[in-house]
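Heads up, there are several structures right after this.
The two complexes that follow have chain A in common; it is paired with chain B in the first and with chain C in the second.
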Partner chain A sequence: MTDQEIINALTAEGNEYFKALTIAGVNDNARMGRPFIIVSDDALPEIPVAMDISCSIMTVAGAMGTVGPGAAERIDKATEMGVENRLCASVKMGAYFLKAGILPVPDMVITTNSPCDAVDMLGQMMDNYPPWAKVPKFRLDAPHGQTDEDFVYFGAQLKEMVQAIEKATGKKLTMERFVEVAEESNRQASLIMDFQELTRAVPCPVDPDMARVGWELARWVAATDPSVFPKATGWLERLVDVTERKVKAKTGMDGVQEKIRFLWYDVSPSWGSKLFPRLRSELGAVCMKTYYSFHNYIPIDTTSMDSMLASVAKKYLMGTPMTRQAMHTADVFCDDIVRICKEDKCDAMIMPCHIGHRDTNAYQKLARDTCRANGIPFFFLGCDVWDERYMPADVVFDRLKTFFQSTGLA
Partner chain B sequence: MSEENRSQVLKKFNDYAGKILNPSVENVKSADCRVVGYFCSFIPEELFIAAGLLPFRMRGTGSETTERADEYFTSCNCSFPRHCFNQALTGEFTFLDGLVVGTSCDATRYIYDNWKSSPIKTPFIYLLGYPHVSGVAMANYYRAELAKLKTALEEQFGARITDEKLRSAITLCNETRELQRQLYEMRKSASPPITGSEMVSVMVAGVSMPKDEYNADLKQLIEELEALPATNSTYAARLMVVGSCGDDDILSRLAEEQGALVVTDHTCFGGKLKYGAVDGAASDPLQALAEYQILTRPFCAKVGGAYQLRAKVILDAAKEFGVDGVLGQRLGCCDTWGGELYALKEDLKGAGIPSLMIEREYVPDSEGQLATRVQAFIETVRR
Partner chain C sequence: MTLLDDQICKVPEYVEELRSRGRAVTVSDAPPISVALPVAVGKGAHSGLVLRGDTWLELGNPEAGSCSCTLFTATPGLVRDGRVTVIGPDVSDACGKSLPFGQILLIGGDELQEGDCELLMHMGVIGDSIEGYMVRSSRQSVWSRISRDVALKGFTLKTLGRALRTLHKAGSCKIQAMETIFVTSSREDLERLAEIAREGQMITREIARVTWKARGVDLDCTLDCSSCADKTVCDDIKELLGERVSAS
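Entry: the complex of A and B
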């Protein structure tokens, strides 16, 4: 197999796994014979994997519902519910799935206030959803602070959550298994860091977005089906291998004459396949990072159960994309911009400003000022990452092209 | 109460609610007392009062545009923080010696960073962690957060906040809540002596002036209202207003202009404030404050695990005050209240109480459309 064939195979494999995250996948997960939990947002895979339970994520199923055939009609139906027009469509879709009554009854529901008001609201809808009235519930309070006290506070809630899961499902979290999973999770995290480091080479050897794919496999897909967890490690190892080879050979991405490297400081849009490949092929402009392809190494400390829970808490609060950006003060948000642009040698920073992201919409000046102070060309878009109708991909392409030209980058 | 007979106290409250800087705040400032602004009702005023400070609840009263704030926030953020921040940028809050922002709704929380980076020069800016679940562990977390704020206030303002001072502040604020409840009780009658629109002013004034002065004014108002003859019983419908913020009387006023009467409410500047009491005898007054906000009164729509309580309080009030319908309001781009009102509408329907849920802007472009919707609703619930 050529390197490109390996990359294509990894992509295809990822896409196949992602089917488990769709609404159809949620219904399949419920039939897997394992205890089945629905969570409002990100699913802390270490705990469900170690307990061998299946966790489906409402916002992810919602986001998946905004793509594919009939997506626009689905988004419109979700909007008609009348919750909030400019509510993030992934959450709107999740709320719509509830209202439409198409979700299986889980063994347990876990909700959280992170990363944003929208998910907080969705969680409350799940908590009070009449058909799930008898289903055991657990609600997490993710703090906005970044101190050890905050991590211990959240870790203590995770401990309670484990007890609640044990009670609801009869499954046990053993120290031995938790350590095993935590060590593998650390290994996955370090592979993602290796990949992130390797993609900093000029020219960029492999689409950095593959870090998102690997992270989502190890986290979301593994949470729905724990048997994917070790497979995700293997997937990441193959990714790092091929990337290393390409760096040594100094070969860039297939068919790309790299001229511009930029940061897309938001979620990768569901319509990104119409934008990013075109930017690469027509302008040599490579997206080096999005929220989900940017990672920090926050290892799980396996010394004791409490240390594991506190470090899983820290990893959740400071290492989960979107939670990292939306839950904390602007210094985290702005420092990351500077750091990414420096480390990834970005020539520009694009602020997509998804309409549902109250954080980015409130941080536009701070981000602009940060970029100006650091000599980073800045461009504000204002799009909807889930609903392309708000600002079509070709309009985004044209606007970025004009921006790159006017700043002398293209 | 007709315009000419309107009580002096009511006029004063109306005046205070209609602007930001009022004579009582000016008096306090000239007496060398410091003023600290705060966002959201879960931040205990008692802590500021115990530090010898005047707490001032932030609002955007008088704002007509968000022009200057638009450089910081986009139109995809709620218009309440945008108007408040615009007022700050235009110098309306220069009298503040400090500002405490809570980690409440996203849009309001982000005022903290923007304020800090802006040219507004406020000597003390603090972000207070506020839990979003109602539970014992969360009350303990909030106590720890309040303890940090206490230390920061002591350091900044050279004050000592003793338990004794806290208890006396709790007594003062409990008295406010009790007096407000007495006023609300009077509205249960067939001929309420005060309109919903006037009541908004009463409540907003209460978070804009010293509590002892406010309590004295409230007592006087209650006496005056008790002495009034029962004349106000020919309204088209008795209504309740629920929803976010609510520092203006737009909805009540529009309803009352159409012949209805707003007899109670459950909003962040209104009826939510009068609920329950802080345990003034508790050995740890900080813990008592935290438990009151997280366990007794978890009324911020962001607080999970408490929706059923919030809905029950609203449904009970609707029955006790004999309302014919509920007007719900939320501001555009408010995600939490979007869900809250959606769920509430279902629950009200289940209880046989008609409701109209309205999305509006903090400063509406025109009131015409709102008025038409309110009028149409009143027609459906008319007595």
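Entry: the complex of A and C
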């Protein structure tokens, strides 16, 4: 296989795995013969994988619902329910799935206040959803701080959560299995870091968005089906191998004459396939990072059960995309911009300001000032990452093109 | 006297403590900045990448231990400009190894103020600025790789200290003096350093709070419901929402 064929195969495998995250996948997961939990946000895969249970994520199923045929109609139906029009469509869609009565009854429901108030609200809807009235529930309270005290606090809640899962499902979390899974998780995190570093090369060898694909495989898909967890490691190893080979050969992405590298500082849009390839082919503009393709290495300390839970907590609070940006302070948000732009050699920073992300809209001026202080051209967009009708991909392309031209980059 | 002077004064005590425990301590004074370095330094000095297979030495892997801090003062006399102190093995002794890594940057300048803190912290992001040196992670610790090529050209931790000094002085004309201390001896030796770093981080965190407050952003909301004046409002909203959802 050529390197490009390997990359295409990895992409195709990823897309196939992602079917498990859709609303159809959620219903399939309920029939897998293992205990089935629905969570409102990121599923901390180390725990469900180590306990051999299946976890589906409401907001992710919601986000997946905004893609593909009939997406606009589904978003409109969700809006007709009476929820606020500018509510993030992934959350809106999750609420719609509840209202439409198309979700299976899980063995347990876990909700959390992270990463944002909208998901918190979805969690409250899940907690009060009449068909799940008798389903055991557990609520996580994610702190906004970044100190060891915060990680220990959240780790203690995870301990309670594990006990609640054990009670609801009869499954046990053993130290031996948890250590095994934590070590595999550390290996995956290390591979994601290797990949991120390799994409710093000029020209960029592989679409940096593959870090997002690998991360979602290792976390979200693995949480739905624990057997995917080790396969995700293999997927990442193949990705790192092919990327390293391309770096050594000094070859860039196929068909791309790289001229511009930029940071898209938000979630990658569900309509990104209409935007990013065009930016690459027509302007040589490569998106180096989004929220979900930016990862810090936060290893799990396997010394004891408590240290594992506290470090899983830290990994969740500081390493989960959106939770990192939405729940922590403005200085972390702005500091990350500078680090990414310097390390990935970004020529510009695009702030998409997804309509559902009130927090990033509020950060706009601060981010702009940070970019100015560090000589990074900054562009505010204001789009909806889930609903292309708000600002079509063509319009986004034109605006970015004008911005790149006016700053002398294109 | 500026905010971090106490922590700066603790650094020589820390070095002496390690020396008294028998650690190998090498102190050298760098030549003037105009004297060329054995590696290229500056934006775009190299690819920013050191592949695993090209690595001579890895520093500060989380498993080996890592700690770093940047301390600055408006009393340049507290900082010995150009001095590089290395505690533990240097690059040439560590082919193929992964060593713990402590990095302390002491920066002095008459005109340095709390408002310069953010810029000084951002200067710690090296990117592609030092040939053959790749920083993998640099938040509160430094995890990095040194390439075989530059190690064979004579790259040492003194070279790294000189390169960091060159970059920092080029980044701000307020920096008059910069001293560097590297620790590679053991994970245990980093623990005491971590205490100094934590103290420094608490102060720089407070500086950040004040800086951001001046920009109209409050970082210090504890969001502790038990002491929040808005708790009643939040509780009412949650109750109303619950009722609405139950009724739907």
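Convention: the second predicted complex is superposed on the first by the 410 of 410 C-alpha atoms of A that agree within 3 Å, B and C clash if a C-alpha of one lies under 4 Å from a C-alpha of the other, contacts with A are read in each partner's own complex, and residues count from 1 in each chain.
The criterion applied here is as follows: contacts are C-beta pairs under 8 Å (C-beta built on N, C-alpha and C of every residue); 3 or more make two chains touch, one makes a residue touch a chain.
This structure is a prediction, so every number in the text was calculated from the model and none was measured.
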Fit or clash between chain C and chain B when superposed on chain A: clash
First (chain B), second (chain C), both or neither touched by A:165: neither
Chain B versus chain C as contact partner of A:338, first or second or both or neither: second
Contacts of A:182 with chain B and chain C, given as first, second, both or neither: neither
Partner chain in contact with A:125 - chain B first, chain C second, else both or neither: both
Which of chain B and chain C A:153 touches, first, second, both or neither: first
A:84 touches, of chain B and chain C: first, second, both or neither? first
Contacts of A:144 with chain B and chain C, given as first, second, both or neither: both
Partner chain in contact with A:117 - chain B first, chain C second, else both or neither: first
Chain B versus chain C as contact partner of A:200, first or second or both or neither: second
Partner, of chain C and chain B, that touches more residues belonging to chain A: B
Clash-bearing segment of chain B relative to chain C, given 19-27, 109-117, 181-189 or 199-207: 109-117
Set of chain A residues, in rising order, touched by both chain B and chain C: 121, 124-125, 127-128, 143-144, 329-331, 366, 369
Residues of chain A that touch chain B when the two form their complex: 81-88, 91, 95, 111, 113, 116-118, 120-125, 127-128, 139-145, 149-150, 153, 156-157, 160, 326, 329-331, 353, 355-359, 361-366, 369, 382
Residue ranges of chain B touching chain A (in the complex, touch as defined): 71-74, 76-78, 103, 105-107, 109-110, 112-114, 117, 127, 129, 131-133, 135, 137-138, 141, 144, 301-302, 304-305, 307-308, 330, 332-336, 338-340, 342-343, 357, 359
Residue numbers on chain A that touch chain C, as the complex places them: 99, 121, 124-125, 127-130, 143-144, 193-194, 197-198, 200-202, 244, 247-248, 296-297, 299, 329-331, 335, 338-339, 342-343, 345, 366, 369, 373-374
Chain C to chain A touching residues, read off their complex: 47-49, 51-52, 62-63, 118-119, 121-122, 125, 127-128, 134-139, 143, 208, 212, 215, 217, 219, 221, 223, 238, 241-242, 245-246, 248
